[in-house]
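Next come the structures, one after another.
In the two complexes that follow, subunit A is the common piece, with subunit B as its partner first and subunit C second.
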Partner chain A sequence: MKQNQQTVWMILALLIAAGIAPWVLPTYYLYLLNLILINIILALGLNVLTGNSGQISLCHSSFMAIGAYTYTLLNNHSQLPMLLCVLVAVLLASVGGILVGYPARRLSGIYLALATLAFLSLTQILIEEFPDLTGGIRGLKIEPSEFLGWSMGNETMLFYIVAIACGFCLYITANMMRSRIGRAFDAIRTSPHAAQALGIQVAQVKLVAFTISAAYAGLAGALFSMVVGFIDPVEFGVSASLRYITFIVVGGMGSIAGSVIGAVVFTGLPEALRGIKEYGDLVYSAILLLSLIFMPNGLVGLLRARKSKPNASTVGH
Partner chain B sequence: MTITIALQLLIAGLSVGSIYALVALALVIPFKASSILNFAQGELVTVGAYAALVLTALALPYWVVLPVTILIGFVVGLFIERAMIRRIMAAPEFTLVIATFAIGLIIKSAIRLYWQDNLFTIDNPLPFGSFRVAGVVLNPQYLWVIFCTTMLVVCLAWFFKFNPLGKAMRAVSQSQEAARLMGVSVERVLMISWGISSAIGALGGILLAPIIGINPEVGHLVLKALVAAVIGGFTSLPGAVVGGLLLGLIETYSGAFFGSTAKNILPFVVLVVFLLVRPYGLFGRAPLVRI
Partner chain C sequence: MQTKMLLQTRHLSLQFGGLKAVDDVSIDVPQGQIRGLIGPNGAGKTTLINSISGAIQCTSGEIVFDGVNIEKMAPHLISALGMSRSFQHVQIFGDRSVRDNVLIGMHRHLKIGLLAQLLGTRHARRLELEAKEKADDLLRRFELLEDAERPASLLPYGMLKRLDLARALAAKPKLLLLDEPTSGMSEEEALTAIRMLKSIVREEGMTLLVIEHNMRVMMQLADFISVLHLGRVITQGTPDQVTQDPIAIEAYLGEEVADA
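Entry: the complex of A and B
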């Protein structure tokens, strides 16, 4: 009961903070906050697939690319309302998830890694080979659109949209993990054979995991193109995928708190290290490698271990 | 299409393919021994190329640069195995995939920090230029690549068949436990298998350097080598060679017939088809797993 009360207070505090944030924060920090929220959405989706279901995906940046390019093209070339564009972007990204998930049903380990790597390379090549549509390696600019009569150039409006999307994703994920499908995700990671024996259709659950996860990435992609205003294929390469994996590995696999912590730390970190910007990739990958070796359960795992230690000793007495 | 053009494409395909085969071999050797796929292999090729660049800048002749580069590659491989891979040998596959990827990214970004995105090149080691045989233009660079790959394959075949260390390596890949009981130092064998694979990668780097130039993105080549290794089946050395050559030919001919888009896309389509239809390749066998 006390736990519940605490959670309610925390959510209220966060809501109030989000409500006043766009009125008090300078433009640049608001932009940064937007990026953090988008990365949280992405990390949540990736964690469902990798942390909970135990599947490797090296192509999350491609799902994001599908979302970003779909939104941008619809937004620039059609009169569809903003929400519909986002919806189509999310749907197409999920179709990408199905495309990868279908072969993934039968693959695991390095073979799955290879299949997702192939998908990433294919999307990269397709973006670069059709410059008339996608702008090729020169990238695409996003025209500001309107939402309910408000221009999306309006930063306050944009922030509220991103924040609502992020809150929605957090809510959905927290509930999904407690539902039948969420438990099925955990089951196919812990032991696919046991899960199958208990009547969970492992292949189908994998496909669902890929689809849902890609939908999150598609949403993140669409929001990303709104916030940044410019997209190019370099933004969605292998190193981007690895960056997102860093979020959840360092934050904590299979944990919502882990996704949030990872996304906050690693979107903020490049800003803290702004003086040594060109070291970005090096720092990222070094932290990733070190935490894989020395901290396999992530920051959340460390916190939990610290919390449970005194309890363990009292039990011992 | 005339026979001359077909022959010309055949030569081109084989030389591209032998580079793929070389790097695919470098992927398969440690995979067989330790069942770890090294996604950083492409960056080990880059290391070889830059080592050659530095050594050439010291005004050393090619015949010194070549063995020293291979030696540097060998030592780098030993170091990576000893310092990083051995600590996570027993970790889940996800950790290993991401860790090797991270190692690759570390190498690439470190190189990019020092040399920036500049394109370097080293001189053609062979003293003569292109020549024609029966209307087919032969580029000695490509012939040199084909020659080196052939020599490497012969050496490896000998090594795994007759050399005690090579035999130990095969024993380890069959059963680490049994090999240990027979007095093989498994740790040492695994470390050396990474060294050898990294040395082969460095050889690939120095062979590629005069052809495509040296920049931090050289390692991108590993994608093609992975496709080649999948075609051949991950556990087969002859398979890696056949897969590499096949991929080179597929790329060259499809490029000639259908243009560059097809050439770029086809390798990955082949990869997906193989993963779906024959995930263990042409020569590999599905491992038997006890549940």
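Entry: the complex of A and C
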């Protein structure tokens, strides 16, 4: 009961903070906050696939690209309302998830990594080979649009949209982990044999994981194009996919808090390292390596261990 | 009317290179029976279970489960027909709670739409709550309820084995294959767990095929016992018949008598 109360207070505090954020934060920090929220959405989705279901993906930036390009093209060339454009973007990204997930049902480990890498290359080539539609390597600018009569250029409006989307994803993910499908995700990772013996259709669950996970990435992609206003294929390359894996590995695999912490730290870090620009990548890599060695359960694992230590010692004595 | 045969193997053989691990085995298990499998180490008991569950493809012969020929089927299709198994080495979902492990067992019977789960609709929550009550009931019967919230990885081995049983029963398969369900339990623990297992199996009308080394446990549990030796069924009968059968005593029971 006490923990429930704590959660309610925390959610209330976050809501209030999100409510006033666009009124007090300078433009640049609001922009950074938007990116953090978008990365949280992406990390939540990737963590469902990798952390819970145990499937690696090197093509999450491609799912994001599908979402971003779909949203941008619909926004620029059609009269569809904003929400519908986002919905189509999310649906198409999940179709991408199905395309990858279908062969992935029978693959694992290094073979799955290669298959997803192939999908990433394919997406990159498709974007670059159709410059008339996608702008090719020169990228694509998002035309300003409106939502409920507000211009999407309105920062406050944009922030609220991103924040609500992120809150929604957190809510969905929390529900997922508490219910049948979330348990099945963990089951097929920990012991596929036992899961199968209990009547869980392992291949089907993997496919669902890929589809849901790609949908998160598609949403993140659509929001990304709104916030940044410009997209190009470089943004969705393999380095982006690797960065997202870093989020969840350092944050904490299979944990919602881990996704959030990882996304916050690694979106904020490059900004914090701006002063030592040349050495930024070095510090980034060092943090990744050190965390792999010293925090195998991620930052979340570290925090949990800290929390439970005093308890453990009182029980001991 | 004759009882329906739930599982039949006909001249089932499985060869690893020159070794016949299972050799021309024909057994009939009627619906609702608890069938024991005994035999010395290396008799082919686990291999037989592996080939029935589809984990290993048999070399020749046929397996009929609930009227369907399954000898060439993939394991996930066989399990969808209503056959479940436990493993000799417990395979638990360690980072999930004890209760969640049982709920994972109930996966197939818990029918909630994906969207309803994600959105956490009232309907989905109610079904989850009902499932949780059923899970807790099973946990209570296996004396695990106090540990329901603990991560399963923290349980000692004997309790893990009990959780494994509770989880397998939660799946309510038509046929449950158990590979040494009480290994690692104390004698007392084993007998209690077996009594609970038997009463639930009878309530649900399940059929059981169980490998067990502890003869005292087997006597309590099985309706009928098949004795395996070097991949063949050398004799079978009720527990009383088997313990007095000279062939069985020589192949297997003799060892124990000699040990004692």
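A few comments on the model shown:
Criterion: the second predicted complex is superposed on the first by the 306 of 317 C-alpha atoms of A that agree within 3 Å, B and C clash if a C-alpha of one lies under 4 Å from a C-alpha of the other, contacts with A are read in each partner's own complex, and residues count from 1 in each chain.
Just so we're on the same page, contacts are C-beta pairs under 8 Å (C-beta built on N, C-alpha and C of every residue); 3 or more make two chains touch, one makes a residue touch a chain.
Note that the structure is predicted; figures quoted are calculated from it, not measured.
When the two structures are aligned on the shared chain, A:H193 is found in touch with subunit B and with subunit C. Once chain A of one complex is fitted onto chain A of the other, the partner contacts of A:M295 are absent, as it touches neither subunit B nor subunit C. When the shared chain is aligned, subunit B comes close enough to touch A:S239, but subunit C does not.
Once the two complexes are laid over each other on the shared chain, residue contacts for A:T50 go to subunit B alone; subunit C is not touched. Between subunit B and subunit C, B contacts the larger number of subunit A residues.
Of the two partner chains, neither subunit B nor subunit C is touched by A:V228. Within the superposed three-chain model, A:L32 lies out of touch with both subunit B and subunit C [touch as defined at top]. In the superposition on chain A, contact of A:V208 is made with subunit C only, not with subunit B. Shared interface residues of subunit A (contacting subunit B in one complex, subunit C in the other): 193. Residue ranges of subunit B in contact with subunit A, taken from their complex: 37, 39, 84, 87-88, 91, 93-95, 97-99, 101-103, 105-106, 108-110, 112-113, 223, 226-227, 230, 234, 261, 264-265, 268-269, 271-272, 275-276, 279, 291. Residues 50, 54, 56, 58, 103, 106-111, 113-115, 117-119, 121-122, 125-126, 129, 193, 238-239, 242, 245, 249, 278-282, 284-286, 288-289, 292-293, 296 of subunit A touch subunit B in their complex. Interface residues of subunit C facing subunit A in the complex, by the touch rule stated above, are 53, 55, 75-76, 79-80, 82, 84-87, 91-96, 100, 103-105, 107-108, 110, 112, 114, 117-120, 124, 128, 167-168, 171, 173.
Touching subunit C in their complex are the following residues of subunit A: 171-172, 175-176, 178-181, 183-184, 186-187, 190-191, 193-203, 208, 254.
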